[in-house]
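Labels run A, B, C, D, E and F following the written order; every chain starts at residue 1.
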Amino acid sequence: MKKVVGFGEIMLRMSPPGYLKLIQSDTLQTNYTGAEANVCVSLSRFGLDTEFVTKLPANDVSQCAVATLKKYGVGTGHITYGGDRLGCYFLEKGASQRPSKVTYDRKYSAVSMAERSDFNWDQIFEDAQAFHFSGITAALGNSLPDVCMDACRTAKQRGVKVFCDLNYRKTLWTPEQARETMGSLVEFVDVLIGNEEDAEKVLGIRPKSSDVIGGRLNQSDYEDVARQIFEKFGCETIAFTLRTSLSASDNKWAGILYDKGKAYHSKEYMMHIVDRVGGGDSFSAGLIYGVVNGFEPQKTLDFAVAASCLKHAIEFDFNLSTIKDVENLLNGDGSGRVQR
Amino acid sequence: MKKVVGFGEIMLRMSPPGYLKLIQSDTLQTNYTGAEANVCVSLSRFGLDTEFVTKLPANDVSQCAVATLKKYGVGTGHITYGGDRLGCYFLEKGASQRPSKVTYDRKYSAVSMAERSDFNWDQIFEDAQAFHFSGITAALGNSLPDVCMDACRTAKQRGVKVFCDLNYRKTLWTPEQARETMGSLVEFVDVLIGNEEDAEKVLGIRPKSSDVIGGRLNQSDYEDVARQIFEKFGCETIAFTLRTSLSASDNKWAGILYDKGKAYHSKEYMMHIVDRVGGGDSFSAGLIYGVVNGFEPQKTLDFAVAASCLKHAIEFDFNLSTIKDVENLLNGDGSGRVQR
Amino acid sequence: MKKVVGFGEIMLRMSPPGYLKLIQSDTLQTNYTGAEANVCVSLSRFGLDTEFVTKLPANDVSQCAVATLKKYGVGTGHITYGGDRLGCYFLEKGASQRPSKVTYDRKYSAVSMAERSDFNWDQIFEDAQAFHFSGITAALGNSLPDVCMDACRTAKQRGVKVFCDLNYRKTLWTPEQARETMGSLVEFVDVLIGNEEDAEKVLGIRPKSSDVIGGRLNQSDYEDVARQIFEKFGCETIAFTLRTSLSASDNKWAGILYDKGKAYHSKEYMMHIVDRVGGGDSFSAGLIYGVVNGFEPQKTLDFAVAASCLKHAIEFDFNLSTIKDVENLLNGDGSGRVQR
Amino acid sequence: MKKVVGFGEIMLRMSPPGYLKLIQSDTLQTNYTGAEANVCVSLSRFGLDTEFVTKLPANDVSQCAVATLKKYGVGTGHITYGGDRLGCYFLEKGASQRPSKVTYDRKYSAVSMAERSDFNWDQIFEDAQAFHFSGITAALGNSLPDVCMDACRTAKQRGVKVFCDLNYRKTLWTPEQARETMGSLVEFVDVLIGNEEDAEKVLGIRPKSSDVIGGRLNQSDYEDVARQIFEKFGCETIAFTLRTSLSASDNKWAGILYDKGKAYHSKEYMMHIVDRVGGGDSFSAGLIYGVVNGFEPQKTLDFAVAASCLKHAIEFDFNLSTIKDVENLLNGDGSGRVQR
Amino acid sequence: MKKVVGFGEIMLRMSPPGYLKLIQSDTLQTNYTGAEANVCVSLSRFGLDTEFVTKLPANDVSQCAVATLKKYGVGTGHITYGGDRLGCYFLEKGASQRPSKVTYDRKYSAVSMAERSDFNWDQIFEDAQAFHFSGITAALGNSLPDVCMDACRTAKQRGVKVFCDLNYRKTLWTPEQARETMGSLVEFVDVLIGNEEDAEKVLGIRPKSSDVIGGRLNQSDYEDVARQIFEKFGCETIAFTLRTSLSASDNKWAGILYDKGKAYHSKEYMMHIVDRVGGGDSFSAGLIYGVVNGFEPQKTLDFAVAASCLKHAIEFDFNLSTIKDVENLLNGDGSGRVQR
Amino acid sequence: MKKVVGFGEIMLRMSPPGYLKLIQSDTLQTNYTGAEANVCVSLSRFGLDTEFVTKLPANDVSQCAVATLKKYGVGTGHITYGGDRLGCYFLEKGASQRPSKVTYDRKYSAVSMAERSDFNWDQIFEDAQAFHFSGITAALGNSLPDVCMDACRTAKQRGVKVFCDLNYRKTLWTPEQARETMGSLVEFVDVLIGNEEDAEKVLGIRPKSSDVIGGRLNQSDYEDVARQIFEKFGCETIAFTLRTSLSASDNKWAGILYDKGKAYHSKEYMMHIVDRVGGGDSFSAGLIYGVVNGFEPQKTLDFAVAASCLKHAIEFDFNLSTIKDVENLLNGDGSGRVQR
């Protein structure tokens, strides 16, 4: 079985217990997370071989990040060591009308200051069938856009399929910066993934009538957006998650997939949120799983949406659902009856 | 006041905190639980004298189980000691579309390997007015069906009223095995209790149009089921809990009671779930409380449904509600306003 | 900037973790709280200068209460020391149909046994622009009604605006006692605040058709109640919070404000409850903030309702929301999307 | 088997985790404790029938105290309900040169305000062989000295052996007050127990050369003290614990017993402290166990010292050691090797 | 680099926090442990390739055990799945005179009921340079002695060096049973390891004057024991840990090594215990590390003793010390000064 | 009362609970700390007015740091906001032979990148009587040595006494760098403080025969060192803490003070360590307290040593001891008897 390679940043996330605010707590719960690492862990739980590539400082906290990846079966043999620090962020979990709040402390992280020479993509892609990265990685700036370009080019040369989640982060760059960098990277992308905000922010393509903040999403608009992307960038497959945030506690969740000129729609789930961070990454993982296993587009989309629906009921950023868990939900049992 | 005797297994339940999965946590929260023990604790909180009978290994963990029963006022003087181990199970609490998941480690438990000679039912039933056991106890196999039969026979001889919760567990036996064993036990049962799945699995009697997995319950079907049971086995009173699982986080909850040829229906509660394990047991306890206090059938059912509705908002398997708590809900205050 | 002075009791609140009942837990989570202290903390988070006045025993637990006030920037320089004990209470947090339950242990607290000579109101009100107290403080009995009268009189003389939250507590006094004491105090009050029960219990003025226990509130009735209060007591501004308790987990929340003969209505929020204790106090703080900043009545009400809506998603009794948090909600983003 | 009756106060103890100070922690670990309750629990663990008598307010926190006693098998049938509050105290655990620090909040507790008519000693002492109380109980003041006198008189009349631990508490009374009250009570005492400070403070009898604060104890001095007590008050048996506090973390521990004119000395244990609160009570329990079982004086003392040595390695105030645990230590295995 | 293979049981250990007894706690801290698994983890931390072989039931708890091994870099590819349960044990941590106490629940574990056909030793030993097992594994009974014999024979045939820790457990077998089984296995062993009790219990060879319980160990006696073992069984290298248990909190720790007719002695460390379980296993790991790296006997012994000394200051059963940590101690810095 | 000003970095410290290593824990306990902040908090607990000056990024984590200072009464009005991040570090607490281990992540912190224009020392020193900074602050590099020089010069001009703790950190600079920078700063210092390593590393002055690593300290050597410093730099008062690290769990602790040509020696305490981080800072605080209160040199030293001895029994970096706590120890009660 050929492996899936993810490249990006892995960070230390620290959150006060439950719904406490930082100022109320002298305890932080830790986990290690990053868009592409989350994808690798989910794929590893699904049974695929995965490898996560990044640069980490050579210290005990990085060692914890690596041990976490190993625990979930993700390969760590191509991680480069050096640099000053591991990026981290603090998360206050919101509820009801109170939003979750992220305080980043990721500047100067080892990977964000990595050089092109830190990664030998030919070696990394040996035995690889797919490569996944996200817009966050490119947004880290410095040499990272070039490193991403190196990776994409090598992947293309070696016949490795390229997946990319646009993943716009306004704290990392402006829409203008994003468009410039991602514009050239997306040309290498086979399967493009985004959420209801990304297409506009990163590629400048706006769904006509949807109002994300107001909580109204119009699925047919996204077909139009996907078609424009397809026409402009030539990505074979384009998928969007569609989140309707009723409140921090209750979201609707669905997706659309546009494949070779045809749009597919998923069921919409009504979710009670346990932890929504990593929701998009779990969709990417589901999508990659479907694509590399040759699922039909509708089945791929349904799998990705169901998988990522389950993620929202799991604490922390990894989707730890198994194939069987996803299949149970796909087969119609979302009743949450106890499995004894 | 004459006591209520419960007989069955008490187990160590271990659950990761909150909604964590086992693999995410190095802490387990423990409690001691078992269908009949749960009933005894609830009845003890209601003010009845209770006695829980089982077999436990003579070790420090069993001692914790016994101390827990004592803490809640349940008599433990007829517990037999010996055997290898206390059964246990691991519970991951689900939410939204993710179901709660039980991993059992109950095989070879002391009570499951007990002998008929371990229990002197004549002594146990001295001063007893009621006996409660569940299908789980009979399902433990080995000599347990015979032990249950001994208990039922002695109860009948001594005029002790017999309550039985069918409580089908597919990990313990097949429907065929259940039907064979429970068929003969049910003939001794005065008050039979079940949930929306039990009647079919344990007694082979199927509600016509209900679809449990799909979340649709038809109350009138259960009348028909109850009538069939009454006609076939002669149980004086038959009661069912009716759970509609919208998700692991939200359930509807109601019950029906069939008493001497007449059916009674309860109000349906919309519940936000804190912990649903032990929900059925808390209904049994409410029912026993009504019956031994000579409540009218409708009042008995309403009490049992309200009591067990409250259980779903209490952590762990015991219903710690008091009579006053249940009466407040029965009197119409389900608004959850703070009681100062 | 002139300061806002609050006067009342600060107590130690102890709650078992999560939804555990007291009997299930050997851990208590502590915080320090009291109607007026909660108001001061919220105003301090909004950027106002505040001062909390009370009497505390000279011991290490009081020191924790004072340190907590300091942590949130509330002035503590006018606290008097002496007496036997700090009042405390135990809170079991409810969910769904199970109500939260308070067990008070506040009798004999230092402040409840304080003397008029313990407080020099002329000194305290130096540099003050507003004074806030609640019916709870008057309800503590002994000399407290007189102390409140001293404070109100001095405030009036010095041109300090008087705010009062009726805050009826049935464990502290009867409606008759409340009416007698509060009747004379309310005459000094510029801005009167209450919830859907207070007007009737404390002032004997009943909304015509509302049914609080049953969960039905009729907003127009409250206009009528406010008008009656205005006519009888002459308070310039009168505001009510309107809570519809669907269950302990889900509440609707709105408010009305009656200002110089005109009624204003707020939006109604549907809230998933994290912790509802302190909800009314956070409304008072929002109201005071609007009034002292000279907001228009509608803006004042909207601010107070939005601020207190956010409080329900924050653990413990303090509303730690900032002006920016409230403005985000006022500006229409109650979607709870992650703030990165 | 005839039971041992203890009478006194049971309190809620609240301690921050580990060595944290109150101001550093927003979590409190709770347990229920009191000199005589601790003795009852220890005796119950040793296998004796025990009954604890007190007065408690009728609320949920008292219910926790009662549940704790039940959990450990102590009879609670003679507890009287009423009054305002349960006494409580806060404990900061010390280490090295930093002493543990107790902040009491026990004033106005139900038992401290109990009346003589709250207790029917004739009923209570039915089937009793021994009665235990401590100087703390008498020191609660109000009617408590009279209640203690009632109990002692009834015990004497019924042939129930009276045990008393002097247990001087300077926060409850002065040496002068202690001497007056305890002077008359001690005349009823068969077995008198104290620590290295009590004899002087409570009975005015001072060991010649020991220097408690300075950490130097001279065992032979205590023989002299015991002899004086025997001569003055006629107690049959007198026992002292001898603690040498090297620091809050390390103590030496021994005891002497004076029985019918003869002194017995124990081994001295060098202890690393886990929790020293309740150390004296566990000695009393060991002593009572020896006396009611008719052990020889030396064996009684050795048992009591070994039992209470083990207590210092157990968290919270109860000595949960079993007879077997004590015997292992008595038989010379204090090596702490793992028992598998 | 050729790998080291360990074979045995991995269990779930559950311990109450701190020094709590089971009956005092409703929380258990979990870790996964077993003599040979502990050795593999320690060697993996030292940088060696390791592989742990066992049989596990196919459930979520086993998955946690496997994830733990992966986290620390131990190979899990030869684990066989099947059987009923994962063995587990409960540990109460002792202090001072109170011993730690283990309550086993390991009967019927999957590995204890494994068959010879579950393991293909030829495949397992591919690329192996060393094999480690302990007397515990043989003591599990059923087919395990035969499985161990299979492994030893195959190892010998393939030139894989055999290490064995005698590790006597009185709850698993009697000295007589141990001697019979281990007698034949030891003949295959190249490097034999034991503690101060094992030689006598397992091989019937007693150190002349040492008194383990009493805490007195005579190092020269162990030379004599090693010589006897060497003469009787032909093991090339024999090593003993020498623990002097002053109390559960303080131990002395040293070792001797007998290699080709010559005895080597280590320094003795005075240790304050954090967690002593796994101390012997960490010595085995240190020894294996020295032997496979061709260290001189004295250096091997010193390394093993220093490594295992550090283990006693680490929570849970794994020695997580790195080579650098051990070298720091070997180089004389046992001062515990903060490493910044 | 004139205030004491501290200037330096405040960091977020994160430590796994108890003695866990980072890799073993998914929980971190947080506190905010820094050499000079620790001094300010201790002085504030002693009753002095204090002000802590630093530069912090404008985010929620900084807000927690500020709230912590406020909680303990330290003035925060001169803190400058801006820059990228708050420095932080991870601490694994050691025990026995295992050292505590710090992993720093302090690079790029706001204060380390502050400019001279960020601080207006004339304003800051208004109403100040003393200024304290440490070598760590100067070691942060960039403009910090210049900022320290600005502060020292302004202090001198305004008659503010300058205290400096050498506090060498090898991860921040080399001895050569330290000597160059500190050489010029020390000329402004009135009271110089150091530990047993600092004088050599920072000033190049070595005690003749002491061996810090080996745990042997020769007090008379430090007299000689102090004399050399006095002669070379002219500091009025020079004080050293003398720590003998027996292990991470047990340390001896003493100090010497050299004042106007005369040396003073303290008692040596044998300490069982709870948390040794911040020990030196608590000595500085004690020294400052003595000097600003005009204590005699011997009393100043004794106070500082006793205060810092108590710190070692307190968790986290702040010395929360009160004057009364220190006086109790000074008066000879280091017995750790419970204070009731």
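Going forward, contacts are C-beta pairs under 8 Å (C-beta built on N, C-alpha and C of every residue); 3 or more make two chains touch, one makes a residue touch a chain.
A quick note: this is a predicted structure, and the numbers were derived from the prediction, not measured.
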item	value
Copy pair chain E, chain F: interface residue numbering same or different (half cut)	different
Chain pair equivalent in interface to B-E, over half of contacts matched, among C-F, A-C or C-D	C-D
Chain whose mean Cα position lies farthest from chain F	B
Gap in Å, rounded to a whole number, between the CA centres of chain D and chain B	43
Of all residues in chain D, the ones touching two or more other chains	18, 21, 23-26, 67, 71, 101
Chain B-facing residues of chain A, complex	18, 71, 269-274, 309-310, 312-316, 320-321, 325, 328-329, 332-340
Residue numbers on chain C that touch chain D, as the complex places them	14, 21-23, 25-31, 59-61, 63-64, 67, 84-86, 88, 90, 92, 101, 103, 105, 107-108
List of chain C residues in touch with chain F within their complex	67-68, 70-73
Sites on chain D touched by chain F in the complex	18-21, 23-24, 94-102, 104, 169-171, 212-215, 245-250, 276-277
